[in-house]
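As written, the chains take the letters A, B and C, and residue 1 is the first residue of each chain.
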Amino acid sequence: MLFSFDPRISRLELPESAPPPPDKAALDQFPTYEVFHQRKENTAYVYVGPVHAPEADVAFLFGKEQFSRRFPCTGMWVVPTEAIRVTEYGDDQQSVYDRLPLLPADALTTADAAGLEAYDIFHLKKRGKAHTHVGQVQAASPEAALQAAKAAFGDQRPVVNVWVIRSADLLRSDDDDRDMWTTTPDKKYREAIAYKVQDRIDRFKQER
Amino acid sequence: MNPTLDLLYRLADDQLILGHRNSEWNGLGPILEEDIAFSSMAQDKLGHSLQLYTLLHELGEAEPDTVAFTRNTPQFHCCQLTELPIGEYDFSLVRHFLFDHAELLRFEALADSSYEPLALVARKVKGELKYHVLHANTWVKRLGTATEEAIERMQAALEFTLPYALGIFETTDAESEIISSGLFVGEEQLQRRWEASISKVLAQTALTLPDLRLLTPVTGGRHGQHTEHLQPLLDEMAEVFRLDPTADW
Amino acid sequence: MYGSASTHDIPTQAATGLENEDPILLAEFEARIARGEKIEPTDWMPQLYRKQLTRMIEQHAHSEIIGSLPEGTWITRAPGFRRKMAQMAKVQDEVGHAQLLYSAAETLGKTREQMLSDLVNGKSKYSNVFNYPTPTWADSNVISWLIDAGAIVNQMANAKGSYGPYCRALDRICAEEAFHLKYGHDAVVHMATGTPIQRKMMQEALNRWWPAIMTFFGPSDKMSVHTEILMRWKVKMATNDACRQQFLDMYVPKIWEIGLTLPDPNLRKNEDGVWEFSEPDWEDFKRVINGDGPCNAERIAVRRAAEENGAWVRRAMQQPQARYVRPLA
């Protein structure tokens, strides 16, 4: 049996040596979901990173602890990566909306409002930073939503990159579950500020 | 024992021992993200136990560290469910599901406890417990409707774990006074709510809940009688702490 | 770093392949980096950039997940509530760092499962220090403080690198590391200024770990064409020696002030402000990183066991219609 200083590992009773496992099957690869957080009430949702999960409800569980356990947060959205329509990336200081090809007018105006759906729009202001929610538009397709976003938010700049997400694809935290998000302040042991050791060092130096 | 102390020790010991057990998964879980989530919940449990031992300390008992790290098996009042080794993930998840449903309902009831400091703690931990139960339900629903392999595993884990889970509700001599003084609604009430609560989730899966009346609860934990697993756990937990009882670590 | 493992395997012989890249695209790419702009996943990038970054971020991720094991060794035995909860939170953070870094590496095209597979098959490397054991609680404290301190030196430098997703991950990681560093320092100070048993345990752990700590940043860089290019592209942000000097300057005084000694008679700061020390045993370093260290087998075996024991869970959770796509950013 493999020796370990870790009692948890000893309990696994691992063999001293074993042949290397076969390459992992592709089936272990879950889809990815992108996660957005709201840091404070009434502020915009900001991209925090991806999780691997089989479905949105599990992505929600995972996203909460991976991204909010250490930083206060009041709400979360998750969306399948696949459902995000991404523009090309522009240079810092520019707006990608300027490069947007104009769609024929009939592609934009849908006569019946019933065909319209809500889309959430996210801007990246600077390369290396995080996409931030700027608002919602009503449109008949992701392409049309991008044109609508240009009309609504095109005066903001710079805009290095835009994400367009059909609002129905976003899984959002429930307003009734606010209390689930406000637990971090009680967890001081996870914060640098809880560790103050200078007094002890000074005392030690004096006594020497 | 004084009913308040009796209740607090049972609550605190449950949280400490299960939090300790669940922490054993840290770094060894089945999926990176799940590893993180499970660790958070284990930390929450330790946090709860610390708050409860602090209440005990305010009532004249020893410091939380002393109480947690220096007692031996007969002085522990956790139910035996909490002390069982982590086993495989099916067992750990089912234990988490069965225990945390009871935990959420217990603390919901304790929010109205006549002992105000305890009511305060109960109200404070509600947000955390909500996540724990959401987590447990999501997993049980997913695995309980997934592959044949997963359903079989979860069913077997459920059947193994249920008698221990019924031990959560073992009462002590203080029970009638606990209820009459408004400290807590009592274990019988809690168990009834718990059965309804877990049944509702299990009904959405391919898992079957056996007739609980036919099961023999595994009891003794509330009276200091434990499985052979508890003392080694306590020895391990206190290995460093006991190296130098005078030390400030 | 956790990322240091990468720094000693910059190729020195192989061709850069730059002559095969489109010169116009290459010029635009280099101009963007020179302007201080970050590269994002869908941008054009030279093969060498993609390859070297993938390797570096992947090794960094492996170092986090393997790095959770030596401290995990004491997770069930941490003395007292304060330490017990913090030890758990710290180990949890390291797993979280692995998650963030694997995600960043994935944006370059390699799947997470492939990376995990390469790790358990011994095809990828991770920071060599984690091939050493933690026989006492004090060893774990030394890692929490000093290995994390070393990691922070590396990570702060790399956070100013050129690849957007890596920078985003590192910003978050650095914010979390502040807790690790303070926690580790706090624990070491308590031991070093504590009872005789504690002081002895701490001094012995420090003596055990010091040689490994001195190798943490890797050997002096061989200045090659590759090294120069990777520094120009802001993949490699500082030389190994510069990182080591910065680390010594920040932490040796803090070690000495609490009455601990370091097992190197040649360790001192000269009049020019440069730290002198005995050259670490790089032959031993090479031997260990190539598999012959005290804990290599255990670390890999544990990861394998975790993968194998969790396989049924992942199998059950997999949805037939699900399709993997790389994370976006």
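Basically, a residue touches a chain if its C-beta (ideal position, glycine included) is under 8 Å from a C-beta of that chain, and two chains touch if they have at least 3 such contacts.
Keep in mind that what you see is a predicted model, and the values were worked out from it rather than measured.
Student: Which category does the touching pattern between chains fall into here: line, ring, star, complete, or other?
Tutor: Per interface graph, the chains form a complete graph.
Student: Does A-B or A-C have more contacting C-beta pairs?
Tutor: If we tally the C-beta pairs in contact for A-B and A-C, the bigger total goes to A-C.
Student: Would you mind pulling out the distance in Å between where the CA atoms of subunit B average out and where those of subunit C do?
Tutor: 36
Student: Starting from the mean Cα coordinates of subunit A and subunit B, work out the distance between those two points in Å.
Tutor: Between these chains, centre-to-centre, one finds 32 Å.
Student: Just the number, please: Cα centre separation of subunit A and subunit C in whole Å.
Tutor: 24
Student: Quick one: which residues in subunit C touch 2 or more of the other chains?
Tutor: Answer for subunit C, listing residues that touch two or more other chains: 69, 72, 74-77, 85, 89, 92, 96, 99, 190, 302, 305, 311, 314-315, 317.
Student: Would you mind listing the residues of subunit B that make contact with two or more other chains?
Tutor: Touching at least two other chains: 24, 28, 31-34, 36, 40, 43, 47, 142, 236.
Student: When you check subunit A against every other chain, which residues touch at least two of them?
Tutor: Counting only residues that touch two or more other chains, subunit A contributes 7-8, 12, 30, 51-52, 54-55, 58, 66, 69, 187.
Student: In their complex, what parts of subunit C are in touch with subunit A?
Tutor: Residues of subunit C touching subunit A: 32, 35, 37-40, 42-43, 69, 72-77, 82, 85-86, 89, 92-93, 96, 99-100, 103, 106, 111-114, 116-117, 120-122, 133-135, 164, 167-169, 172, 175-176, 178-179, 181-183, 185-186, 189-190, 192-193, 257-259, 297-298, 301-302, 304-305, 307-308, 311, 314-315, 317-319, 322-329.
Student: Give the list of subunit B residues in touch with subunit A in this complex.
Tutor: 24, 28, 31-34, 36-37, 40, 43-44, 47, 85, 124, 126-128, 130-131, 134-135, 138, 142, 236
Student: Which residues, counting only subunit A, touch subunit B once they are in their complex?
Tutor: On the subunit A side, the touching residues are 7-8, 11-12, 30, 51-55, 57-58, 61-62, 64-66, 69, 177, 179-183, 186-187.
Student: Touching subunit C in the complex: which residues of subunit A?
Tutor: 2-9, 12, 14-15, 17-18, 20-21, 23-24, 26-32, 34, 47-52, 54-55, 58, 66, 69-71, 81-82, 84, 86, 88-89, 91-92, 127-131, 161, 163, 187, 189-195, 197, 200-201, 203-205, 208
Student: Under the touch definition given earlier, write down the residues of subunit B that touch subunit C in their complex.
Tutor: These residues of subunit B touch subunit C: 20, 23-24, 26-36, 39-40, 42-43, 46-47, 50, 64-65, 68-69, 88-89, 142-143, 146-147, 149-150, 153, 236-241, 243-244, 246-249.
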